[in-house]
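A single structure is presented below for examination.
We call the chains A, B and C, going by the order they appear; numbering starts again at 1 in every chain.
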Amino acid sequence: MGRAVKIAMAGEGGQGVQSVAQILMDAAILEGKEALYIPNFGVEQRGGVTIAFLQIGDEKIGAPKFKIGDIVMALSDRAVRRTQMYVGPQTLFVYDSGIQGVEGDLPKNAKRVLAIPALETANKKLNPRVFNILIMGAVIGATGVVTVDNARQAIEKRLAYKFEQAPELRELNFKALQEGVNLVAGMGVS
Amino acid sequence: MAVEIELQPKMPKCWNLASKPHKFCPGCGHGLVLKALGQAIDELGIQDRVVFGCDIGCSLLSWDFFDVDSVQTHHGRTTPVLVGVKRANPDLIVVAYMGDGGGYAIGSQHLVNAANRNDRITAILCNNTIYAMTGGQMAPTSMPGQKTETTPYGRDVNEQGYPMLGPEMVAAITHEGAYVARGTVSKLRTLKGYIKKALENQIAGRGFSFVEALSTCPTNWRTNAQQTWAFLEENMQGYFPVGELKVPADAAGGASEGEEE
Amino acid sequence: MSETSAKPVEGERKVFMTGNEAVCWAALAAGAEIMYGYPITPQNEIMHYWTRNVPKFGRRFLQTEDELSAGFTTIGGVLAGRRAFTATAGPGNVLMQEPLSMAEAMRIPVVVVIQQRGGPSTATVIYSQQEVTLTCFGGNGEGLRIVYSTSSLQELYDYTIKAFNTAWKYRFPTFVLADGYQAKMRESLNIYDPAARGIEMVPTEPFLGRPGKIGEGREAAHLRNTYNIEEELAEVLERDIADYERVAPEIVEHDSFNTGDCDLLVVAHGIVFRSAAMAVRDMAGQGKKIGFFRPITLRPFPEEQFRAAAAKAKTLLVAESAYGQLLKIVQQNLYGSTVPIRTLLKPGVGITPEEITDECSAILAGKGA
């Protein structure tokens, strides 16, 4: 990995965007990489779109925010509109195919726009609660920024307190991660 | 019998003789309040542990009044400075000395919150119904109808509100352990008793201690001695009732009303 | 507070944490005994982490009624001889200037961490570099303060520790000036016990409430900030200003790169410096004659070093997330120089390396004014 991979993830509050970014960062740390994570915060976070900025690289990361992401991911209609500003010619734009009414708002300048049935997959095959982990799997599948193994470890670490109370959640999360990887495997993006 | 009367009035031991005679105007009540405080410090034997902080206004002139560790602060900010000292070193006995403007106007949020937090400090507020140092403007405690530089036709309660009842407010918001009283320089021994109890309350670690002292300002009131005393005893004491408003259950009995000099 | 037993940080270790957390651990490691604070975004988590650690390490905390009180209680804590600090931002920094002018007047070594947010007024809780003028020169005085502008979480940790030593050594109020990005972002840094790096903490001492009997071995302290006559004030100020100017050369810090004979010298501080450094190093790698100068102390400013670097540059570019606050300091320190100054001024928003690269490329290509 030469220059750092820049990832922006956006969604509605409660969709778990910030948690996913931090788990991804933890996984990068496990690989001995450098990473920088910063949430957008402010008045907007109360009832607005939440965005996580994450950069992963081999060397210390430069500036905390960036104009154009390598991967921009939007998990709601408002997030699709809000994240257009981070899309450029090198951007892989990923959004959930279940989001309605955004056809006209999808970026036209992206390197590639990818619709993935994450929410549908989570609902049908797993549980809506692990939608965010499934998305994380998709990011990993699309970019290989971290290994699935390290992602599992990072999930284990961050959600240990939940797994203690409900051990079945562990398998559910790991399955979601793998489903996410699988979702993009056939799309030829990695 | 020819008793050798001391030519100098007896000064409290903790007074700083180098700063005497003091800098207050003739007839000013500050010197009396500080005499009561000095006597209380002497009687409690705490001179070496006291930290005295003074506000801006005429209270500032007390900055070198005592031979105790003293600090000038800002207008209204004496309370937080001494809260900071006390929180950092609870062994010290801290006294925040301020006027009615500093305590009830610009620094009222500090007084209210220190009282509500039950900070173990002693605040002494000198109420002379006026901003004296700045030349006689209306204070939160100016009396209805009182002529000041900013109420030249008299304080109109419909326009400027009523005089602030500080101890009543502090008593209302404090909880168990607080000591609240209002004294007057016309009953100095009683005032000293209140101040002493306020210090004892801090030493015992019970809680916030607050004494308002009704005081005089003939310079800005533009009164002669007789009028000054009448304004204090008739007008002010009629509106601002003197006495203890809150005494912790485990504190020693009421302050001695004693014989007044 | 002397019951402190376990060291908060043993030896040295690499961690990933947020800037607010790093400030807290640095203050703990530096032996700060008491924090006074009032909630304001984006510095809140400094208090959150601090309060969680208070019982573990025998420290103290007071949540005050406002920033005036936070500043004045911090002064009280220092007067009592404690390594005391507070943290604030934006409108809180505005209120904090009143107590800080008292600290400046009385040479009270308070430490204040500023996480800049957008301004003026409430503006944003996010980020800016708009509190430079306020932090360096706020208050009704000359700005006899020391202001460190950090650009990474490692520096946030290093300079928070250093701020306590600078404050207590020189007896001027000392600031760690960061911003909302540094407060909220998470990256790697090494945290350490200062002793493990051979850093000795400058001892503290009480100004008030010193031990001993008054009149027998010690005099009562009478600390002033008010004077009756002009000459009395002038005497104090002349002494303090002379002290400040004498120690300034020991205090100033800067970082620079490629400053010998460059076509363009980029001047930036704080987090914007990171973008500047990336852009400049990239372009220098491509053979451009470009360098950077970064003041670490904004107050006192590394004037001599800056003038030397600027003298060898054909053009300067000042980049900051403010509309001319660093620029004003730069211009003042360049008095008499004729080097042209170009600007990239973006009040209240971040500046990316790409933006600096674009600006530099345009200047080097001879475009624009």
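In this text, contacts are C-beta pairs under 8 Å (C-beta built on N, C-alpha and C of every residue); 3 or more make two chains touch, one makes a residue touch a chain.
Because the structure is a prediction, the values reported are computed rather than measured.
Comparing each chain's Cα centroid with the centroid of every protein Cα atom identifies chain C as the most central. Counting C-beta pairs in contact across B-C and across A-C gives the higher total for B-C.
Averaging C-alpha coordinates per chain places the centre of chain A 63 Å away from that of chain B. Each chain gets one centre point, the mean of its Cα atoms, and the points for chain B and chain C are 40 Å apart. Each chain gets one centre point, the mean of its Cα atoms, and the points for chain A and chain C are 35 Å apart. Residues 22, 25-26, 29, 34-43, 60-68 of chain A are the ones that touch chain C when the two sit in their complex.
By the touch rule above, chain B contacts chain C in their complex via residues 16, 47-49, 51, 56, 60, 63-64, 66-74, 77, 80-89, 91-92, 109-110, 112-113. Residues 16, 41-42, 124-126, 152, 180-182, 184-188, 271, 274-275, 277-278, 350-355 of chain C are the ones that touch chain A when the two sit in their complex.
In the complex of the two chains, the chain C residues touching chain B come out as 1, 33-34, 36, 60, 62, 64-66, 68-69, 72-82, 84, 98-99, 102, 206-210, 212-215, 220-226.
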